[in-house]
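Common to both upcoming complexes is subunit A, partnered first by subunit B, then by subunit C.
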Partner chain A sequence: MNKLLLGLAFAGLAAPPLSAKWKLLPETMPVAVAKSAMKVMPGQGWNSWSFRPGKKSELWSYDGPVLNQIEFIGGVVDGEPFAKERNKKDKPLPKFNSKMLPTDIAQAYEQTQRIVTRSPDFTIDSMEPVTFAAHPGVKFTFHFTRPDEELTRKGEARGAIIGGKLYMITYTAAALHYFDAHLAQAQAIMDSAKVD
Partner chain B sequence: MNRWAALLAAGAVASASASTSGAAGPVPVGSPAVAGYQPVGVDEQGLWGEMAEAERALKVSKLLVRDEELTSYLRKVLCRVASADACQTVRILIVRDPQFNAGMTPNGMLLINSGLLLRVRSEAELAAILGHELSHFERRHSLARLKAARSATGWAAFLGAAGAGPLGLALIGNFFSFSQEQEREADLDGLKGMRAAGYRSRSAGDIWANLRAEMDATAAARNVRSRKDKRGMFDTHPATAERLAYLRSSTVDDPEGEAGEAAFRAAISPLWPMLIDDQVKLNDFGGSEYLLAGLATSGWTGPLLYARGELYRYRGQAGDFEKAAGFYREAIAKPDAPAGAWRGLGLALARTGDGAAAKASIDEYLKRNPQASDKAMLAMISGGSQ
Partner chain C sequence: MAVPGLAQEKAAVKPGFSMPTGKPVRILVFRPDVKVGSQSAGGVVTPNAEWTANARKNLADALVAAKPGGASEVVFMTDLEGENATLLNEYRSLFKGVATTVLQHRLFKGDRLPTKVTGFEYTLGPGVAKLGELGGGDYGLFVVTNDAYGDSGRKALQIFGLLMAGATGFGGMVSSGVHAGYAGLIDLKTGDLVWLNADLKMGGDVREIDGASKRVSQLLEEFPGGTSGGVHFLPTTK
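Up next is the complex of A and B:
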């Protein structure tokens, strides 16, 4: 329960219904994520949360979302934000546009995270081209610290615009130990992404 | 969340002991801002104990701006408006947070947000804020708030509402909300300090006039109603309009005094690139435009034009990429143009469909910044733009 509550604080989410559950994913069967056309192969040990952080996203974790999490963003269309917009009037989020360059996607993700997590030090550490779900896409790494904790998190994201829609997978974990511990697994999940 | 509830959660141990000891006991008198001061009575001792612990944690925070030169400048200004004792005892920490805010803990730790430093325009405005915060400390405003809040609802209600949480910067920064009377008292104390130091006391009102104008600019660009006269549920500060009015009326007959704009700029400008970048990434187009224009009152520099280009490019509405390209070009024409201006120009041109010019600009950026962390991505965009 504690982990779950902390997870909420971390993700900046509204309270999920009490019925929200974590479910262990099948190791070797592709699963559809974020109620979208994206499918990935989970591999061993990952759990999916029945409470989705946004209409077009889904959250997985290995050890609990405070320590590590994978967020899937699937099928975002023109004019939609990268995360759930909780305060449209006072904290509007940047919106997706299908003409975005790969650098624009990373940029909009950074802005979104700076607003949602209030992390003033969010920094993109590297960015390079990558093939994502058989399409040309972007891979970038980042780190940030939330002001209500003193824990630096690292992340790696990959995404592409496919058929005019944004598909992204981001892996975020505590920089100390947890990021490295599950990075290879997270990368395998990203490599397995297919968009039909 | 009630800020006091959060504080009391953090101070649960001190709180519990206070409730059993009762409110009676020695009452602290005189200013606590003297060297070697020992807190008096169970409430003050409890607050100081908790805050000493929080301060130890904060001093190693990753979100502090550790700039000795800037901190000693802030201290120099504080010392002009403070007594010699207060000057020695108050600790100043600069917090990396793009919002306008400052705070004072009951044991004399003064927190200043980086976003405040971006908005303040002169040494006199800074002196007003430092003097105001010092007054909260010297008058023990937080202790008075704690006692008032406790007698109204009782410890148990607070503790029940508080829950548990880490005592991070976000909480500390929000702990000390004071009553309207206390804020007013601190404002007027701030003015006294400014006058004694020869600062332009009218600058205290300028802070609020500027903030109100910024809130209007933010709202206009978002097509929503300005928040300048809005108060949050727990916001006990006087409304900015009221504050502006009494600061203006109390200073109308004061001599002009020293504004110290150049001195302030000289001290803050090394930090500008970070402060501006943090602001521009907040998706607050109108407010950011307003702030950039304020910084550019004595002329648009290369870094300011670059930031304006970034602001338009990030927004990316119809016509924004063309305008952004224009600002980047103006930046590039200045001797102090940051390398990022070529990157921004290339990316803006790529969005307008001018592939050849985009490629030329990105290639120039990569020549100027061969170690760029996104060079592989940029090289691909440049190649695809031919």
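Up next is the complex of A and C:
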């Protein structure tokens, strides 16, 4: 076991391949995310991870993913889950349906995160309609803890169904200090989203 | 049995930081986060409440006796209740998250964050000053240890592995258990992490008084301004 695995073991995270690397993002140039039609303006200070949590997602972090992260979910089509299946047989993830209402997106995200993070207390705190990537969408906030951890994490998500596909951006961070520290920058990234 | 590649300990001090001199420094120690258990031949760890309680007391006593960094006073955080107890638990968890992050991105060479120049720009945030007010201290010391001692089955497997390796050239080394730990110092005014030391292969049987003392001296190696080497700056990396 090396230092990385020790760290991840303490954090309760699955180990990515050792070849996974962090890359610097350009501050003022729009970049395509999650290998999808969605583009955002990164702004200052974010790092992109070559390890992708799912085929249609991408992870950025400001201080490291244990403390804060932005996940992009791009171009999910009918019948696909919101995240990579961990245990398809016993704990299948909810599937996207392009007829979903905004409230359905939030509920499916909650059900997905309860399985993916094994969180016993994932809770959506607020929900409201917003314009996301120039389309009618949803914004919701949430909080949760992971099993065997007393660190509360808070999050804010925005998403919309565009051309029958799901596009989402979620910002998650430790509730103490880290969530507020980079919320405005995360919201600026969400505001900059465009889907061509 | 030590394995050279894994036996190194790693410590880092925030660049530019040194313990203030010329004025009394009071270090507030938070109750060590201690886990002690036994590990079976199959690697399963079973927590042991008696060992954990003994280790927690032994480590706490040794930390006070050590006077890290030449502190004029080392005090333990009093037992908190209600909202304050919850707040301390939250900050303890945040410290573990920050320590994990520094381990992963600064002390592990292959996983750098390009935006972090020193890999040590981490804080618990200024809100941690509340803990300083509650306990009274200039700096806060967090200690986390995790020990699992091999049971008789695991020890038999170790011997079997060594015998097999000697007799046939085959057979793997079975580790004697888990003995990992880390300690970190927080500036209780700013919340900034100013020092971190971590080791996967710690010595000292924390269930015993002498062993806990040895463990504490390892945890406090390269403590800023300490007597065991003084301020030590690791090369910063980009």
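Note that in this section the second predicted complex is superposed on the first by the 181 of 196 C-alpha atoms of A that agree within 3 Å, B and C clash if a C-alpha of one lies under 4 Å from a C-alpha of the other, contacts with A are read in each partner's own complex, and residues count from 1 in each chain.
Convention: contacts are C-beta pairs under 8 Å (C-beta built on N, C-alpha and C of every residue); 3 or more make two chains touch, one makes a residue touch a chain.
Just so it is clear, the model here is predicted, and its values are computed rather than measured.
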On the A-aligned overlay, A:Asp196 touches which partner chain: subunit B = first, subunit C = second, or both, or neither? neither
Could you look at A:Leu176 and tell me whether it touches subunit B, subunit C, both or neither (first, second, both, neither)? second
Contacts of A:Glu149 with subunit B and subunit C, given as first, second, both or neither: both
Which partner does A:Asp63 contact after superposing on A: first (subunit B), second (subunit C), both, neither? second
Between subunit B (first) and subunit C (second), which, if any, makes contact with A:Lys23: first, second, both or neither? second
Touching both subunit B and subunit C, residues of subunit A: 149-150, 152
Per the touch rule above, subunit A residues touching subunit B in the complex are 9, 89-94, 97, 99-104, 106-108, 110-111, 114-115, 118, 120-122, 124-129, 138, 140, 145-150, 152
Subunit A to subunit C touching residues, read off their complex: 1-4, 6-8, 10-11, 18, 20-24, 45-47, 61-64, 66-67, 149-152, 174-178, 181
Which residues of subunit C touch subunit A once you look at their complex with the stated criterion? 6, 10, 89-94, 96-101, 103-105, 107-108, 110-116, 122-127, 144, 180, 191, 198, 200
Of subunit B, residues touching subunit A in the complex: 57, 60-63, 96-98, 114, 165-166, 168-171, 173, 222, 224, 227, 278, 281-283, 314, 316, 347, 350-351, 373-374, 376-378, 380-381
